[in-house]
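Each in structure tokens, the structures are laid out below.
Next, two complexes with subunit A in common: one pairs it with subunit B, the other with subunit C.
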Partner chain A sequence: MSATLQPDLAERVGMDPSFNPSACMNCGICTAVCPLGLRHLPREVFAYVVLGMEGEVLQHQEEVFSCLLCKLCEVSCPAGVHITENVRALRHYFDRNVFHIEGR
Partner chain B sequence: MSERKIGVYVCQCGGNISDYVDVERVRQAVAEDPDVVVARTAMFTCSDATQQEIVDDIKLDDLDGLVVASCSPKLHTFTFRGVARRAGLNPYRYTQVNLREQDSWAHTDDRAGATEKAIRLVRAGIARTRLLEPLDPTVVETVPRALVIGAGIAGLRAAIGLADIGLGVILIEREAEVGGHVRELGTMYPHDRQGQELISELLGEVRRREGIALFTNAELVRKGGTFGNYEVDIRTRGDSNMTRRFEVGSVIVATGFDSYLPEEGEYGYGIPGVLTLPQFKKLVDASEGPLVYGDRPVRSVAYIYCVGSRQGESGPNQYCSRFCCTSAVHTDLELRAKSPRVHQYHLYRDMRTYGRYELLYNDSREKGSAYLKFAPDTPPEVQRRGDGRLEVRVHDQLTSQREVNLEVDLVVLVTGMVPRSNQELIQRLKLPVGRDGFFNEIHPKLRPVETVVDGVAICGSCQFPKTAGESVASGLAAVSWSAAMLKQGRAELDPQVATVDPDLCTFCGACTEACPYGAIGQQDLGGGRQVAVIDPATCKGCGGCAPLCPEHAINVLGYTGREVEAMIESLAAGVA
Partner chain C sequence: MPLAASDTIAILADNLRLRKSVLPIPAANAIRWTEGLHLPRGGDTVLYTGQMYQLIPYIEQLVAAEERLGDSFLAGFTGFGRQVNRVLNLAGFMAHPSSAERSVYDRIPHNVALLLRRAGVDFGSLFEDDLYSGALIYDLGVDEVLAAHARTVYAVFQKYEVKEVITIDPHTTNMLRSVYPTLIPGYDLRVRSYLEVLAERGFGPTRRLAGEVAIHDSCVFARYEGVVDAPRQLLDKAGLTVREPAHSGTMTWCCGGPAESLFPKRAAEQAARRVGELRAVAGRAVTMCPLCFVNLEKAAEDVIAIEDISDYLLRACEGPEGESDGQL
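This part shows the complex of A and B:
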């Protein structure tokens, strides 16, 4: 199975200038410290956004909304990824594109 | 029996030896041997304090022979020869016995056996030392001029450095133009300066210096003479085919690398739009504004890393080419500055943007380029689609091995460096070539630009893949090495060379053929008598000739037949 890529996805998801999933260097520290033990958020879901794999992003709706925004990962991230801001941007993206809720 | 006064020092090497060998027992065993006047052990014989103790012993007891039983002679022969010299003892009356690499490290499971072996090794050293005669180094005058082969960035910079410390320079370049690969480059990392510009600046500096004679279209066709005073013949092509002869004290080889050329079909190489890194870099350098390839705008690019490097089972090149990760990332940024809307995908194995080049990698990611990681056993596949676009399939290790399908306009094969083919030069200089095909230094840390050929150094990317900055740094190291040797005007050569006893020699010719350095010639003693004669400045003392002589006329000083026999007898004493 292979996915079709949407190269402009990252721009559609993150309208906020602080949105920076591509700064991730894939070290995996965030996954190691996550108190909920989320497996794909943030690192892998961010990678799907950067690559433009929209279908994969949509499949991870549950993880995107279970995140506590506790910032444990963010303070540990060596690459300065604005993890919680990015997760909030992803939630807005779901609001607009899946639940069709407009406005912020 | 000779009357000698020998000092013996058995080293613990801080446990490296004493953990497996009873050094005190070794000391006791040899302390009463004939001719041994002093026998001591030490924690670190090479320490300043112990060296001074040895100097004092030599002076106090008027020692005429020294044995240090410690580590490999490769490490400390010169250290303890220096100790002898400082104490007024001829340095060639010193023997280094290797109790570490050849004993303690090899027999960590057998303390009694290792101790017994140590005693034999030390006794053999004493046996040799008993017979050693004082030797004086051969002194040769050195010519204050260097030959630099290859005028890439390393060779150009080395030539300037040599001239600035007052040495004459012959700089030869095989091509019509100087500059090597850097001449072909536009914007370079880490300084964002133009390669062409750097080279024309360096060439200007070269031209400004009277001490540098630059020859292009030029090659070395012969090297003769002896160390310190080599004769080199340089042939130039072009309107005037001519050969000139120069005398030089040292030779610096800076002949550079070739870019790896993929095979037809390797990652789609041969399909229009599949480019090597040098080809793509040229395209980006030349483009002003949005990138166009074959009349079509380029909207997306996929880079495939490590092509021709780190090949594992799939090819001969096992090494990392080191510059290519950073070059690809830097080219990504250069392209992004010109075409901000291009989507760039990097399919890498490991990112090796080492040191501060990491900042370029960060920058590229932060600006939105995507990085995917593939495993060597599932390399990406490149295909051309019906509509002419390229399709790259890859299993991305960063997204749970998801198969990702990229549709792109260009594929860049991030090709590495390979050794430049230079067979004739290798033969003429007898350059040591490593298993990877690049030239070999004596020791990567202790003697990083010297080769085993006296007076010949290597620098730049002919040694191993290097960036331009690293190539220049090693070029300057070769300058310091030349200066240390040539500024004194004289050099000392190891006197432990082979000599012929003319009374025994019948000039059968067996030795002349065997000598790998061509050190053995013929001498006419008059009355029709011919004998072999060995040039001490050319001989390396390898000993290859000595066992071949049917008349036993050849001895290597410091390892004469008598000395070696005495060592063997002592090693084998009491063994049936």
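This part shows the complex of A and C:
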């Protein structure tokens, strides 16, 4: 568990103004409908982003990249969270800050 | 996630930036589907493939290589591989599908051109300037590379003074219709899938097929682009009874394809689950996306026959008018 909190993490991940993980109310519907049975994405990983727990976010790299972007969770989400847009924003964050593919 | 997955993403992004496709394929193979059609170059309306169907046999060869090498294609290459790829098209060395492997994917855009003609639509092609849309790079979040590529593609449309684009697959439709307008100020192309164009024109084949097919909606068509009714309407007019699997329409289940470039085992598991759902309602299934087709076909083995919707629709146009003899 990462001890260092980064209060500006959501802002840094969410360069796109549509990044809204904070709308999530943790109901678990997304987890229930996900065809891949992803257990931590979206709600848990989004919560880590909001809480600034970067170490936890980075540990969930595999889930972030294995999501199918199929939107079944998103059309079922009662809070209207833009889940797939958020997942793409997280991937962009990994691309820039972990893989160093962009932004150089 | 294997460490090399980041290299896979980097190589795909470098290819798009340097070679205008995630997986550059020979121009002659990208335009083979146009043979015999005598299509004009450009024009107000063009049929645009985004190379999606043509790319599939090349991707499949890389996926097969990946099964030998490790868990992610190009996984045999480390950071060094990315450096090499910048000057040398690595994928070009690894993937050489045979003409038989390519033929089904050349046939589908050809089918679509024939269907549009039968519906009385005038259109041209951009031939070798029909570029990949960048869909995979968008999905992987490589946003700056994608934005630059989208401008390149749009400049080609402007060069040919194209006003309307007819797409085939859901991913190219989504990119050109919903993603590009967010990246390019003043973007003004009208984009519709051929299924929408045919349905709008009330296209009805001359012959009625008989039988049942399970419909596999593409996630991107159904949930991103609202294309749900058009394929049903067209299959119904072709005389087929459409069977809805447990997940269908806007609640469709993914074929697993989007996971294939990084996590082929997960993709295969999801495809097998989906084949089970389709098989529960019919012995044949219809797809409308090349990724769905290839992924479900691999999982189908002998339990269900999978075909692209254009194959069914064209078959319903060929042969004598009236009821078919029960053959699908």
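In this section, the second predicted complex is superposed on the first by the 100 of 104 C-alpha atoms of A that agree within 3 Å, B and C clash if a C-alpha of one lies under 4 Å from a C-alpha of the other, contacts with A are read in each partner's own complex, and residues count from 1 in each chain.
Assume contacts are C-beta pairs under 8 Å (C-beta built on N, C-alpha and C of every residue); 3 or more make two chains touch, one makes a residue touch a chain.
None of these values were measured; they are calculated from a predicted model.
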After the subunit A overlay, clash or fit between subunit B and subunit C? fit
Contacts of A:22 with subunit B and subunit C, given as first, second, both or neither: first
Between subunit B (first) and subunit C (second), which, if any, makes contact with A:91: first, second, both or neither? second
Overlaying both structures gives a minimum C-alpha distance between subunit B and subunit C, in Å, of 21
Common interface residues of subunit A - those touching subunit B in one complex and subunit C in the other: none
Please output the residues of subunit B touching subunit A within their complex, sorted ascending. 300, 343, 345, 361-362, 365-373, 393, 396, 398-400, 402-407
In their complex, what parts of subunit A are in touch with subunit C? 35-36, 61-62, 65-66, 68-72, 74-75, 88-95, 98-99, 101-103
Per the touch rule above, subunit C residues touching subunit A in the complex are 1, 5-6, 9-10, 13, 138-145, 219, 223-224, 247, 250-254, 256-259, 262-263, 266, 270, 273-274
What part of subunit A is in contact with subunit B in the complex they form? 1-5, 7, 10, 20, 22-26, 43-44, 47-48, 50-51, 53, 56, 79
